[in-house]
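The block underneath contains the structure these notes are about, expressed in structure tokens.
We call the chains A, B, C and D, going by the order they appear; numbering starts again at 1 in every chain.
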Amino acid sequence: MGVQVLKEIIRISEYQGKAVEDLDYEVVERKGKGHPDYIADAIAEEVSVELSKWYLKHFSCILHHNVDKVLVVGGQSWRTFGKGEVVQPIRIIVSGRATTEVTDKGERITVPIGPLVINAAKRWLNKNIHMLNVEKDVIIDYRIGRGAAELERLVKTGIPLANDTSLGIGYAPLSTTEKLTLSVEEELSAKCGSKGWEFLGEDIKVMSLRKGKNINITVAAAIIAQYTSSLEEYREHKEKIKEEVYKIADKIVEGNVEVFVNTADDMTDKTGKGLYLVVTGTSAEHGDDGATGRGNRANGLITPLRPMSLEATAGKNPVSHVGKIYNVLAFQLANEIYSRIPKIREVYVTILSQIGKPINKPQILAISILPEDKASFANMKYEAEEIANQFLSPEYFKKMTDDIVNGRVRLF
Amino acid sequence: MGVQVLKEIIRISEYQGKAVEDLDYEVVERKGKGHPDYIADAIAEEVSVELSKWYLKHFSCILHHNVDKVLVVGGQSWRTFGKGEVVQPIRIIVSGRATTEVTDKGERITVPIGPLVINAAKRWLNKNIHMLNVEKDVIIDYRIGRGAAELERLVKTGIPLANDTSLGIGYAPLSTTEKLTLSVEEELSAKCGSKGWEFLGEDIKVMSLRKGKNINITVAAAIIAQYTSSLEEYREHKEKIKEEVYKIADKIVEGNVEVFVNTADDMTDKTGKGLYLVVTGTSAEHGDDGATGRGNRANGLITPLRPMSLEATAGKNPVSHVGKIYNVLAFQLANEIYSRIPKIREVYVTILSQIGKPINKPQILAISILPEDKASFANMKYEAEEIANQFLSPEYFKKMTDDIVNGRVRLF
Amino acid sequence: MGVQVLKEIIRISEYQGKAVEDLDYEVVERKGKGHPDYIADAIAEEVSVELSKWYLKHFSCILHHNVDKVLVVGGQSWRTFGKGEVVQPIRIIVSGRATTEVTDKGERITVPIGPLVINAAKRWLNKNIHMLNVEKDVIIDYRIGRGAAELERLVKTGIPLANDTSLGIGYAPLSTTEKLTLSVEEELSAKCGSKGWEFLGEDIKVMSLRKGKNINITVAAAIIAQYTSSLEEYREHKEKIKEEVYKIADKIVEGNVEVFVNTADDMTDKTGKGLYLVVTGTSAEHGDDGATGRGNRANGLITPLRPMSLEATAGKNPVSHVGKIYNVLAFQLANEIYSRIPKIREVYVTILSQIGKPINKPQILAISILPEDKASFANMKYEAEEIANQFLSPEYFKKMTDDIVNGRVRLF
Amino acid sequence: MGVQVLKEIIRISEYQGKAVEDLDYEVVERKGKGHPDYIADAIAEEVSVELSKWYLKHFSCILHHNVDKVLVVGGQSWRTFGKGEVVQPIRIIVSGRATTEVTDKGERITVPIGPLVINAAKRWLNKNIHMLNVEKDVIIDYRIGRGAAELERLVKTGIPLANDTSLGIGYAPLSTTEKLTLSVEEELSAKCGSKGWEFLGEDIKVMSLRKGKNINITVAAAIIAQYTSSLEEYREHKEKIKEEVYKIADKIVEGNVEVFVNTADDMTDKTGKGLYLVVTGTSAEHGDDGATGRGNRANGLITPLRPMSLEATAGKNPVSHVGKIYNVLAFQLANEIYSRIPKIREVYVTILSQIGKPINKPQILAISILPEDKASFANMKYEAEEIANQFLSPEYFKKMTDDIVNGRVRLF
């Protein structure tokens, strides 16, 4: 692809709006790893990674698959102070498509898709939802459409073709409210199950609203019934969470922060029925459903007031599925530009594929840069273009695929 | 709620960015009614409407439910010129929660949830996907979590409480590219199955990219195999679609439009394997999965470069589920402001709930107005505030619920 | 197969026991066509027939399949006098194996197994359970293991090989109690839905106990709630059934008959909760499960005091699955011997296959004849042997397969 | 129940036929514990036992349940010498009904039915199918109809009422062929996985045909691929099994025994495709389905030439479900009579319930005794009647229930 072609593809302009921080208000959300939507994303991705590794091991290349439709059907449980029990398991249905039969030099090889899916899902749950008894409280099922491939016919060399007309969007840097939202969930989540924090489940949702300089952080955090013997103790747990969030905020924000924890609680009901008590750490245990693609975007956040792609990144194959790799590219390119070019206030990246065309030949790769006050956009343009050029190289995509398969890229 | 309170909630400001039309580029997408994601949305909503009507008929109020997690698992089919067949049905799993048992004056009434779900799904499919043989090619299943209610304890008067911390976003008016994208799908879709258009399936996806004044419209349209006897005829069908899109565009756009139809087709393969042929009108027949909330937003479009809510509107109860009603409100309020106040170029509405608080008492209702050149924002502010005040009245929400249940509101 | 070989296979002996009619007591049962086990049998067989016809149409031979594991999972319904409703559908899972892909002269043909299964099941239900709304109150699902065949490699000529080591058992004639049991169900069943009998559902189970000369007939008959406005009318329905059974008995039995209808009813409960009321005609609507092979044997009866095969006949392929065809053969051969050879009181046929051997070369074909008083067994032996020889001919098996596929053979 | 009533119920007569051993031929079958039908029985029963224990622990009585419809849907695997893999898991669907909600003194207690079912099934599989990786190669699902009970209303005292019109049949003693058939499976099965027998899977089916004095034993034994490196080794495994069966036979039979192992094998195919190789020890891994009630009767055998009940014993509640307890009673009573009364050649027991009547008040309890040559039936009659009387006491049923729950009774 010559320079001329790239010129037509890459469009770099000066951003016309205000920086997010300068806007009157911001709304930012993060669904934590015990949230049903996050679980659906995580299992979709885990299955994709497992499949990719299996393909790589057996055929030295990643074959076509797309398992970006995982459904988490909530179960049923009862909880009271000090105890509780799942009475109807969480049901997880992994659906999508994969190459399930491969002909290699006349030999027909069947992919052990079932055990692979089940293993991947269980391993993730075991590792990440510490109070969940996977073998008893979860049913893993799958509906993977079958596909066949002849290894000889696969074009292994060259750059893959885009499998869809799809859009990736990214930006840098995170605003303070965004950093805060992400940190609150990640730091709280890291404590789950640790000493003194046995009561904290992984289902933590953080919603931040900045109005002017004031930030309201609403945290919905699942409290483990087994570690909460009374309404009083429940209240203490909430206090502890609140204090922790204030501590986290202190490190990040200068302005006025107000923290709300489990605001829907009915703190007058001594039976605990009106509280956010769980047995397993996730609200999926008592009816909350989840689905892939309904949670965080590729930077870990939901930022409705920013440009944002609707594509699910989780579960898609990391080679040719532009709905995944273009979103990763967009965030990585934005970060690269922001970190390498001085005096940038904000940068947005938008990339749109052309179905059937090489993935490094999108319809458009648009970059919008908002310089800091008094900095000149003109000087930034050429540098940004150069960086963008590098991102459209086959080497970049190869490395990204490799990074995704090895879990080195945030996807949700 | 006094005026003072509303003052704190409603924030009206001048929009700080450029109008979308003035931006360098735009990307707009619409998934047509045969797209698996649309099907998942439509069935979720149909089930919610059906449930709402059942509750209204029996108890004069809409009880709690949320069926916003419908999964469409793709089937398997073979297609060639002139014929084809589904060999593995599409499987539709309706999941969510509903009030399934109601105690009314001591009598226990069971909601016929199963037949109701099945009926609603089949009816929609029968009515909307004209070549689909629902009784043979689709399996409808459901996993609805059970819930019980005592009618006496339900607070029937007063304004409902928000069931979640959730965000609604809307704007007005549509840009030309947006109007075009919507019209193309809707006008093509209206022709499906009509005389001369028997070959056109409802699975139509439109993706528009505007660069400056030029708009590229990429249409992926499912072509019915039974009405396509040869590669030549397939080519004619594509031509016919292309011409039609140009006609539609002529009515809406003045600039340069280029139309692409089924660009991934391999037009050299005479067996038809590389073409977008279908038997039923939807790609769900051969493996494409769909899920509620993964398709169009409440104005019928996916507009990644505009502020956009990730919430699914489909399937949620139309009384208290803010993820649904706040998105409807945001678009309706934006449209109302735009149509009633002169000289507005663009208006954006953002509304964030407070879980457990009355739905007409959000955390924030923010309105950003971009006046036309030379028009003054100051004059618009008070009028917008007044309109916003009306939208936060119980009457507005009651009417909206009523409109949703009667199918008078676009949701996706 | 020479005469010598047949001599070793066919063993004809004089029966050593008493005739069933002379025994002190008899117990005979028949599950009617609305019974969940019967439904499971009927759908299994319907699917096998449909598949067989499809194979015959496309390849002129019946390919391997075995769908003899159908599970009917009961639903949930509420019933009261005059009305009722299914609230959770009956779920029918068709499981087994079939040839789903066939290579014929290089072309790969996929069997539309899903639609075929669904169609077959729905058609049978629509035709046979008159009050059941199949589209609303039933979910048909399937789990058919896939199999591939290369048409060229199939041995189309010659006699098929037994696919299992399996036993068939038959006898003739029916005893009076057996005739009575069969007639009661069949004649009642024939009335379902007809004028004056709208109240009668197809789920009719007849259990007869003969002690000496007295026969107790216990009939469990599902009564349609919609046609039963009161406890009084329910009582009248039961009376009507009882009278009808007495009429039927009068034609068949000379001894003392006593008829009991729905003996578990609580006739004191005016709400109808303790009665056998249904909405659809089958108890599967409120929880009764059914499974293939758990109901009637190949003569339509369960006769625990007679020799009896445990093999399910329903759903197995009618070409090589000895569990099916040997049971048909055993009953047909017994009937043939009984009708052609005079003065036989009873005849029993037992046939055991040898897996992998031609189906007309069983391990043993044993015939036990009980002559009438004073008749001589010696004269019967050679004639019976001759008839048996004819039944081991390829022509007999071909005709049987043909008869089964065309529904001319009773299987349950 | 007075003596008079019992007189009408208990009928004792002299058996009119020949002893089984004197018949010309016998056919006896046993499905081993790795057979899909056995697995379905075992899991059904394990779930019932687990439920019973749960009810006993929480309410001191066993509540209503019936889970006698378990379906084992075969998976898919590939096998070759030395290795193999499950590619599609075995799916086990536990269906039936249970009391899932209990009101006790106003408190509503929910039975953790899901985890309980899953646990019971997994534990049995883990313990009994030694090469099966339950967590990876099996999906356990369930469809248990819900039921509610108010503890106060349950009649805890007194004898339970029969829930159905159902028949139990038993006899004693086992014939030599029967003993042999049972021993072959049990002794082989006991070796599975032990030193030197790692190659032997639990799916062992034994079919015996006695013609006169000669017994043909056909053994179908699953051979573990991972412990079979070549066709030669496979042959050795078969030889080893054959020798073992001859050894077992030597201890039991005096006549001529011939043993056949895996007779359907294609021993000329060096790829191993035509052999009975498995990865997990059960043929359910590659497509063989199983269902409760389709395997062994309550004495562990299928004896088609003997009187035999069709009722599944597995999974039914051990308190009031006569389909279960009457079969246990019939075999236990036959054994008791046989062991306590000298000079009995054979004894048959038949017992038929009356739905809604106390379980110790059947319609008939018939006992047929065949005395040894020259022994007098007359002397036996009164003793048998006395024993039968004891079996119709509440104490007997209580003890039987207790024995079943504690696994002290053979059921299949």
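The definition used in the following text is that contacts are C-beta pairs under 8 Å (C-beta built on N, C-alpha and C of every residue); 3 or more make two chains touch, one makes a residue touch a chain.
Bear in mind that the values here come from a model prediction, so they are computed numbers and not experimental data.
Asker: Give me the set of chains touching chain A intersected with the set touching chain B.
Answerer: Intersection of chain A and chain B contact lists gives nothing.
Asker: As a test of understanding: of all chains, whose mean C-alpha position lies farthest from that of chain C?
Answerer: Greatest centre separation from chain C goes to chain A.
Asker: Averaging only over C-alpha atoms, locate the centres of chain A and chain D and give their separation in whole Å.
Answerer: Spacing between the chain centres: roughly 51 Å.
Asker: For chain C and chain D, let me know how many angstrom lie between their CA-based centres, rounded off.
Answerer: Going by mean C-alpha positions, chain C sits 24 Å from chain D.
Asker: Please compute the C-alpha centroid of chain B, do the same for chain D, then give the distance between them in whole Å.
Answerer: Comparing mean C-alpha positions, chain D is 56 Å from chain B.
Asker: For chain A, give me the residues that contact two or more of the other chains.
Answerer: Each of 76 in chain A touches at least two other chains.
Asker: What are all the touching pairs of chains?
Answerer: Here the touching chain pairs work out to A-B, A-D, B-C, C-D.
Asker: Okay, in this complex, where on chain B does chain C touch?
Answerer: 75-76, 78, 85-89, 100, 110-115, 118-119, 122, 133, 135-137, 139-141
Asker: Please output the residues of chain A touching chain B within their complex, sorted ascending.
Answerer: Touching chain B: residues 11, 13, 16-18, 22-25, 27, 29, 68-69, 71, 73-74, 76, 91, 93, 95-97, 143, 145-147, 165, 167, 169, 205, 207, 209, 211, 216, 218, 220, 263-264, 287, 289-294, 302, 304-310, 312, 350, 352, 354-356, 363-364, 366, 368 of chain A.
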